Amino acid sequence: MDELTALLASTIRNATPLAFAALGGLFSERSGVINIGLEGMMLISAFAGVAGAQGSGSTVFGLLVALAVGLLFGLVHAVASITFEADQIISGIAINLLALGGTGLLMVLFFGSGGTSPRIEPFSRIDIPLLADIPIVGAIFSQSVLVYLLYALVPITWWVLYRSRFGLRLRAVGEVPEAVDTAGVNVFRLRYIGVGLSGMLAGLGGAFLSMSLLSAFTEGMTNGRGFIALAALIFGRWNPVGAFAAALLFGFAQAVVFRGGIGFTVPQEFIEMFPYLLVIVALVGFGGRAVPPAASGQPYRKE
Amino acid sequence: MRTPKLLAALFALALLLAACGGGDEGESSGSSDASEPAAATSEAAGGASEAGSEGGTSSTDASDVMAAMVTDVGGLGDQSFNDSANAGLERAASELGAQKNVLESGAPTDYVNNLTQLAQNNFSPIFAVGFLMTDAVTEVAPQFPDQSFAIIDSVVEEPNVASLTFREEQGSYLAGVAAGLMTQEDTEFTNPDDKTVGFLGGLEGPLIKKFEAGYTAGVQSVCEDCEVLVEYAGTTPEAFNDPAAGQEIALRLNDRGADIIYHASGATGAGLFEAANDRQFFAIGVDSDQAAVNPGIPILTSMLKRVDNAVFQTVEQFANDEFPGGEVQTFGLAEDGVGLAPFGEFSDLVPSEVTDAVDQARQDIIDGNVEVPTEPQQ
Amino acid sequence: MLEMRGVTKAFGSTVANDSIDLELRKGEIHGLLGENGAGKSTLVKILYGLYKADEGEIYIDGEPAGITTPSDAVDRGIGMVHQHFMLVPTLSVAENVVLGAEPGQGPRLDIAAAERAVRDLSERYGLRVDPTANVGHLSVGVQQRVEVLKTLYRDARILVLDEPTAVLTPQETDELFTVLRGFVDEGLSIILITHKLGELLGVSDRITVIRDGKVVDTVVTSETDEAELARLMVGREVVLQVAKEDVEAGDVRMEASDLIVDGASGEAVSGVGLEIRSGEILGVAGVDGNGQVELAEALAGVRQPRSGRIELAGEDVTALDSAAMRARGLAYVPEDRGGKGLVGEFTLAENFVLKTYRRSMFSKIGWLLRNAIRAFARRRIDAFDVRPPNPQASAASLSGGNQQKVIVARELAGEPDVLIANQPTRGVDVGAIEFIHGQLLEQRERGAAILLISLELDEIRQLADRIAVMYDGRIVGEIDAADATDEQLGLWMAGRGGPDEDQPTGDDRVRS
Amino acid sequence: MSGDEIEEVDEAEGRRSIGEILREQVVAAGRALIFPAVALAIALLVGVVVILITGNSVIEAYAALLRGGFGSRQALGRTISNATPLIFTGLAVAIPFRGGLFNIGGEGQLFIGAIAGVWIGLTMPGPGPLVAFVAIIVAGLAGWIWGAIPGLLKIWGAHEVITTIMLNFIGINLTFWLAKNPLSGEGAVPGTGFVPEGVRLTRLGGGLGAAHYGFVLGIVAAIVAYILIWRTTKGYELRTVGQAPGAARYAGMSVAANSFLAIALGGMFAGLGGGLESLGTFGKVSVPFISNLGFNGIGVALLGRNHPAGVVLGAIFFGGLAAGAQQMQFSTGVPLDLADVLLAIVLLFVTATKLVEYLLGRRARTFAAGTRLEKGLAG
């Protein structure tokens, strides 16, 4: 395998969990709910997928469990921040902590001890006939089924956001929830759906880590990817295509680090700072500010 | 606005029920004497561990040895020295009837606290598992001069501390011999045309360098023109806990021709196994027989680090009043402290010359004919 | 057509609506008249399903309407134009109009159909709007049209307009009323909410007056007059004309020339010059959003002008900040009580020294003298009869009128030479309005120079000695109060008839 | 110039009786405790479920939790030792919060402070106490700088919630690089070398274990923070900017300068906490170093209603919980992770305005003051 192909393949592997979670963040933040809890939702779903697959012997069932648990954590965030009007940032931080402690506890309960879970049968790689044989770009078409799902989800998310009724309402509710309410649409339900979807998509990202990229759960295995996903979302300006592109960029940066493409003249610590620095640069300069949906961060309260 | 109210009510109700249930349960099962922590713990530790039934024997055999260990932040389940040390304690509990307690550490601040906690409750010997606890043992041990401590993988010069270190380079040397020979074989996992092998380390540091040095020396002893590619997973503690990074690095090493990759990177190694499985090349495990717990994955063998033996032996010495306080105990091939796991699942692919060469190397080291370096030779 | 019976709604201990009965007939424009805080908005919010009534029933065509959500209201044919527009600035006109009732099959949004529908409606009802325009870029008057289109798109038969004229010039108001009469001819029924009783006389068929949450009376418009409505609304005979002493205007106290000030979205004040004299009230009229806020803030030192010059008693103070201006005898009552005038979570005492906390009387070497601050607050509270009279009470816990009194009490402390008051009576009850008007006149008699900015033309005409009209960042006309007519002022407010005859109109951004 | 003369006031008029003040304080404290109490109650109830699932006795486990946190001198020592850095990271959140900013960057600021303190401790010659003093000052200064960065970025339009999160990762990586390269020391544990014994902070003694005088400094810091925020004109400006930026502009205060000051001050406190932790508890910066103190500081601050006194109490509570969880692990075998779960649930509900409203009625809404910033990310 030549270096370029390998680099591309590595980029996609690294970008996939980021992109799933970034798309998840998009649904939440477009609905007006900040989601700092992406990291936690990824982590708990990564665990749930493996536990589900272990318990049932079916990887697909495990994925469903991961989705369900992602949804559940999304709903916890929703109940706290939408219904109970807790601070969205605090609630997100709490979700992260809950996932960290929760997976630690559940590892002991399910598998007897913490650390790394037993292996499961992961989603296997599928080569798309003909396309996978193209030099270099063939790597795009030699991936696990979850990656193809991601390829599909990016345009679908775009379509949903900009070409569907739900998308119109979602875009509106993140900006001026009062307008949506007076138009006869339930603001709370919209936000619940947005945050719920967010949890499921972040869950997919986590499941990809533990069930496709790898085939076991390791405590703390998300290792900050949820935050990088958040960064990708901002860098991509709350747009699905932009977020995907940003995830690819960060994935590429990681691939370069892992593959030693720059010859390690720069200490690795500095390379690891790169995505975070990029976000700050993006926020400050590079064609103006990144403006989040106007109502994000504020609970909606009638009366 | 009815839904949220209902939700709140349900939520409160659920919690209330849970609370009531909890109270009842607590009273009925709260039979063990909470004021006697040692008694309560042996029970709890036994219940929590998989080998709970074995722990039960401790109550019949009234031994006065109360052995305990503190894990480092890796915790139980690391499939490495923490688990191995725990296994040693288990064995001590079942064979010697010692009581045991295991405290996990959530943060570096916990090291001192956990050690102190155990010492104050009269546990002895107390094992501090991992070099990360060096400073903590140095601090706590002098405060409890009448009790015995042991530290794994490091040296603490206190009269009541036994330092248990391992000659990882010796075991790694054997792994290197196997790798250097096998890479020249033509199997479904190896390509004889490219005499390249790899090493994947976790966080770069003196300890892991010992693995690298021994492995490289071993490879070169049987294959002078073999190349050993060396990569480390990172420079932060997460380097031991990032399987995704491990996979990426393993794939890269494989891309560059390495068909056998040895790792010393904790949980990160799980990524190596993924890559080996995906690309069908050989991995070599570390610390415990990782092939045994990962069936189907092309793991050639594993370098064994018998922390369990060391722990068991030390408890035994303590029970016999022979505790090696103030001494540095070195566990090498000769002491059965390190070794190489048998070529299990894939032994059919391993020619007898390889097995012989490994045995020969082991004997040479034990006899002192071969001196294995502890630092990578440039 | 529509009947509300015994509608009651309480917020905590305050009863906003007390057993209200209201009846709307088919094809009528029904005025709902009341002071600020009388309960008008609460009532229509109940009607629209935004609030839930504690008691009472709503009937449409004799049937119980059972409205609990806005979508119920929409289903029953009720459309509402809110006082604060319910528009999403980042979306297009068509997207805003169809939001919640989108055309399309399945989940798909048919944006072309939406734009077509908007175009059809706007032609049919004579409400010119470009369906593809971004709402955030539209002028206020056009945004209101979008709001009306939203209700028409939903086939509203009953249209509720909450204070629709607050943001319009007299001419735009007339236009709106013409459109509304057209609606009535099409068979719609309209509830028109306002606190400006004059407006209703021209356009409505019947008027229901509410006061303190109760219906006072429902009268037929043709059988009543302004004086009766005023009496019903306030509950006592009101002197509609404020008694104003003659005061000879003195020296120029404050002067501004060629002032250019930037607002949130570009230039807001484009070359304003004015002078305010001792013993004189200069009224600035104009529709909201024509640069009044930025002008006031620039004069008060809160906002740094881009260019131009401001003089206070002959001294160049252009570069000075608000605290420095205060020290030179300038007082400023901002238009936004909650956001600018007061800090809600602070105590009244803390609020009383918002601009004077650095004075040696209230702090020494950076150390707050809390006892002195409290004592000062206690005096001002007594002098202005602020309730509750507790300096430790948080500002947020006070009623709007009392909050405004706190601001005025603070600003008038120490007898300022110049007072800039931007909408000092916005959203407060009549008692507080009378009190504040009295204070302004008292200051005028004392010899202070006063700049009064208001969106209420009536208020300006009652109080001001001279009237300037702002439009699009400029002063387009200035006239002695005695010579002013509503027509003239209205034309200026619409940007017409001023010195710049070729000024673009409010619809300039609409290309349909 | 008549506007300058506001009538003279008699200070005595503004003086209040002790009883009046006391009554007010008690009522305020009672109200302030409602939110934390509700959140805590929920957390403990969830804890009951978890303990039952792990097959342990609830009473025993909670008894151990309490005993491990406050049951003995050693327990108290552990609690104090845990609480010390949390007081600082709590203040690092509370003070910017009063200025209207949400500082999630305590973690990175603490690391930077820790490494800066050790740098001085390792390299500066001179008598120990003097070096320690300078080291602590420099730690605070380094934290100030690290906190000032998001302050500056805020002025340029980047929201501090995002930038502080990003700066955490950057600060931690930078610290590790410094600890392993220019400042790397001998020894088995990777990281810097130990600072000389004389530079390390004195322990409190009295059987309190590792607890050192940093705790006393923490109390002092809280008092200083209180005075700064509530008794000085600077604090008055800061609070005005935090609660009503429009009013601050109206009053001629600089919103940008005060926002900057608020978060830089926050960074300073986190940096001080880091310096005390590295110089006091550990004597070095190891890799790995303590983690999550910055994030837990957010919980501490919110539990303490972003008031210095509350922060101290919240830190002691968090510290006690961590110490108690250890005892619980020892005595009953309930996994350590339970403490994280309990904290998470406290956090989840400590700002849940509406929940408290459901439980206690609408009046409870006014008790929410000090727990939230009303503006969103776009603000």
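Per-chain residue numbering starts at 1, and chain names A, B, C and D are given in the order in which the chains are listed.
The rule we apply is simple: a residue touches a chain if its C-beta (ideal position, glycine included) is under 8 Å from a C-beta of that chain, and two chains touch if they have at least 3 such contacts.
A quick note: this is a predicted structure, and the numbers were derived from the prediction, not measured.
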Comparison of C-D and A-C (more C-beta pairs in contact): C-D
Hey, how far is the Cα centre of subunit C from the one of subunit D, in Å? 44
Please tell me the distance, in whole Å, between the geometric centres of subunit A and subunit D computed from their C-alpha atoms. 30
Determine the centre-to-centre distance between subunit A and subunit B, using the mean Cα coordinates as centres, and give it in whole Å. 33
Spell out, as numbers or ranges, the residues of subunit B touching 2 or more other chains. 1, 4, 8, 48, 104, 235-236
Identify all positions of subunit C at which a residue touches two or more other chains, and write them in rising order. none
At which residue positions does subunit A touch at least two other chains? 83-84, 108, 114, 267, 269, 272, 294, 302
What pairs of chains are touching here? A-B, A-C, A-D, B-D, C-D
Any idea which subunit B residues touch subunit D in the complex? 4-5, 8-9, 12, 15-16, 18-19, 21-23, 25-27, 29-30, 32, 34, 37, 40-41, 44-45, 47-48, 73, 101, 103-110, 112-114, 116-118, 120-121, 131-132, 134-135, 153-155, 203, 205-207, 235-237
How about subunit A: which of its residues touch subunit B in the complex? 1, 3, 6, 10, 13-14, 79, 83-84, 107-108, 111-116, 118-119, 122, 125, 188, 209, 213-216, 218-221, 223, 254-255, 258-260, 267-269, 272, 302
Give the list of subunit D residues in touch with subunit C in this complex. 1-16, 24, 231-234, 236, 239-240, 243-244, 246-247, 249-253, 362, 366, 369
Under the stated contact criterion, what part of subunit D meets subunit B in this complex? 42, 45-46, 48-49, 51-52, 55-60, 63-64, 74, 78, 81-82, 172-173, 176-177, 180, 187-190, 194, 209-210, 281-284, 286-292, 322-323, 325-327, 329-333, 335-337, 339-340, 354-355, 358-359
Within the complex, which stretch of subunit A touches subunit C? 160, 163-169, 171-172, 175-176, 178-186, 294, 302-303
